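To keep things simple, chains are lettered A, B, C, D, E and F as they appear, and every chain counts its residues starting from 1.
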Amino acid sequence: MGEKIDKFNQFRSAINEKLLGANNLGIKRFFNLDTQAYSDGVLPVKIKELLGLVASCVLRCDDCITYHIVQCAKNNVSKEEFLEAFNIVLIVGGSITIPHIRRAFETLEELELDGALERAVANS
Amino acid sequence: MGEKIDKFNQFRSAINEKLLGANNLGIKRFFNLDTQAYSDGVLPVKIKELLGLVASCVLRCDDCITYHIVQCAKNNVSKEEFLEAFNIVLIVGGSITIPHIRRAFETLEELELDGALERAVANS
Amino acid sequence: MGEKIDKFNQFRSAINEKLLGANNLGIKRFFNLDTQAYSDGVLPVKIKELLGLVASCVLRCDDCITYHIVQCAKNNVSKEEFLEAFNIVLIVGGSITIPHIRRAFETLEELELDGALERAVANS
Amino acid sequence: MGEKIDKFNQFRSAINEKLLGANNLGIKRFFNLDTQAYSDGVLPVKIKELLGLVASCVLRCDDCITYHIVQCAKNNVSKEEFLEAFNIVLIVGGSITIPHIRRAFETLEELELDGALERAVANS
Amino acid sequence: MGEKIDKFNQFRSAINEKLLGANNLGIKRFFNLDTQAYSDGVLPVKIKELLGLVASCVLRCDDCITYHIVQCAKNNVSKEEFLEAFNIVLIVGGSITIPHIRRAFETLEELELDGALERAVANS
Amino acid sequence: MGEKIDKFNQFRSAINEKLLGANNLGIKRFFNLDTQAYSDGVLPVKIKELLGLVASCVLRCDDCITYHIVQCAKNNVSKEEFLEAFNIVLIVGGSITIPHIRRAFETLEELELDGALERAVANS
């Protein structure tokens, strides 16, 4: 029940805390810039998160995809919108992206389980 | 004056015509699917073209970037919106994308020249 | 006994069915084009599957590699032929492909188990 | 008349000579292994060169593509076979490969000019 | 206790032995060249292993990262040096490398456990 | 005479100035972080620039390679050290990096021309 996302978020939080606690200033600042890049601007958060999702899909990083799917869902990206974004991923990135799209689709299904989105957003 | 884009569009059209004339059905159908992926749906064309642009930037293909910049500009993506999209590219894809962002920025400047956008749209 | 391939094929079939049932026409058509690209033509299926395998290896996608290994084996690619293809992968793609070649080799060994190839082909 | 290929081969030969003359043993040995990987084995040279071409296309390296197109043509890969290979490239690697396929197609056309293949083979 | 690294090294050794026993001369020679590339030269082993680590991180291969972390640790790369190298990875490769850096950091922590480095070096 | 590097540096400076003048705070901050990542720390500048060079080579970005070659040369990386670094690039990244190594080698030769390094450093 929502296991994959929960597990990812727990690992992510635990290691991020240690990594940022290790006091490399450059790494800390990069993490700040990363957060700021998706904040509201002339492009709304929803669109920026979709951009982050598509970038993560064509670069084929499952953890990044899981993260941005949660943020997209939190910002009301609908299933149909996810599918149109995945279609662009498929076209630009080719069949090599299919295994990642399959796992992304499985993540989407997990998010439909009771409480999964709320829990994922709280932990991200 | 708008030279880079014009040259790209001429080469693109000339070879596409020959390539699609070579009668490989799979290639022809792929080109059709490619066009359809950016048509209006639950996500508007403007957002889809931004998704295509960001995907092209993180995968670092200058020709693809030029193509999607023209389509974005045609769909009223503003300079500020382009910059926020490039910022996401930088964060997701790192400094290795900077040379492509520089060339993309140069393309944006070309599009501001008299008639460049109109000509580019007509030829794309 | 052939566990890795069986598990992959089960997950692949289950999610593909849901994904294609989600009614995004572009995604469906892409999956069709994907299947057709490997059908018999002026290049025989065996060679096309080897091309798909090498492309999957240099792009480093384990699921894609597993899929094409099964198709290659079904089309009588021999162990020596697999090794010569992996050598080309190593040369073109470098040592970064080694972990994928190791897992590919493990998959090859699984296919030699009783009934593994028959089961894999039936489910792919 | 066959300019692009001639220019590529001249630059390639000139720098390879200097680079291999610089006496780094590892680099020299790598170049030897590279040559040997495409020699006749259980897979014939023609198939190995097609594998090298498809790998070069999905990894999107224009110089590598030019090199393997010449070797494929020398080993009697027909235009229809090239197109079926490019179709697989498109499917596996997506639209991001299209600009490379366009330039590859242009190279194919150059090879049809009088003497271009003979000259390219002599210089490669 | 040091489980991830131990598991990786066992799988790596077991399959490498079979793979190199399969008698493809090109693959064997590539493995030799790979080992030699990191041997002492005008650049010391420690720097070469750091180069291998950074290359593995930006190309995003977890197994390669684990391997080079062990070699770096064996050659006295300090935690602060690892972090400065990871900072360069983040800048060059972007946020898409973060999940790999997280797993790399977890590997570093494993190496601090009693006997983990000694065991890892013995098995690598 | 040193033309390639001069041209690159002029284009780089001209567009960077415009891009950073366009007032996207995220992009500006990223450029600052980028510069800082290569400053003296527990790892000296010379090693950091070598790490940046190898990362740029395996990710295959000619402009990034040119930039880091100049920085490496300025920090007294010798020709033999460059070659050992390129050997690691070849091993990790495969033959697909060869065209980039050839162009990198050409850049190295340009730097040996009278005044080329001084001019390149002044403009970078």
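By definition in this document, a residue touches a chain if its C-beta (ideal position, glycine included) is under 8 Å from a C-beta of that chain, and two chains touch if they have at least 3 such contacts.
If you're wondering where the values come from, they're calculated on a predicted model, not measured in any experiment.
K.L.:
Using the contact definition stated above, find the chains touching both chain E and chain F.
P.N.:
A, B, C, D
K.L.:
What angle, rounded to the nearest 5°, describes the rotation that places the Cα atoms of chain B on chain C?
P.N.:
In degrees, rounded to 5: 180.
K.L.:
Farthest from chain E by Cα centre, which chain is it? Let me know.
P.N.:
Centroid comparison gives B as the farthest chain from chain E.
K.L.:
Averaging over Cα atoms per chain, report the distance between chain A and chain C in Å.
P.N.:
Chain A and chain C have C-alpha centres separated by 27 Å.
K.L.:
Whole-Å distance, chain B centre to chain E centre, using C-alpha means?
P.N.:
So the centroids are 38 Å from each other.
K.L.:
Which residues of chain C are in contact with two or more other chains?
P.N.:
26, 30, 33-34, 37, 55-56, 58-59, 64, 80, 84, 87, 90-93, 95-96, in rising order.
K.L.:
How is the touch graph of the chains shaped: line, ring, star, complete or other?
P.N.:
Complete.
K.L.:
Any idea which chain F residues touch chain A in the complex?
P.N.:
Residues in contact with chain A: 26, 29-30, 33, 36-37.
K.L.:
For chain E, which residues count as touching chain C in their complex?
P.N.:
Interface residues on chain E, with respect to chain C: 11-12, 15-16, 18-19, 22, 24, 26-27, 30, 34, 55-56, 59, 61-64.
K.L.:
Please give the residue numbers of chain B that touch chain E in the complex, ascending.
P.N.:
Answer in residue numbers: 58, 90-97.
K.L.:
Residue numbers of chain D touching chain C in their complex, please.
P.N.:
Contact set of chain D toward chain C: 33-34, 37-38, 41-43, 47-48, 50-52, 54-56, 58-59, 64, 78, 80-81, 84-85, 87-93.
K.L.:
Mind listing the chain F positions that touch chain D in their complex?
P.N.:
60, 79-80, 83-84, 86-87, 90-91, 95-96, 98-99, 101-103, 105-106, 109
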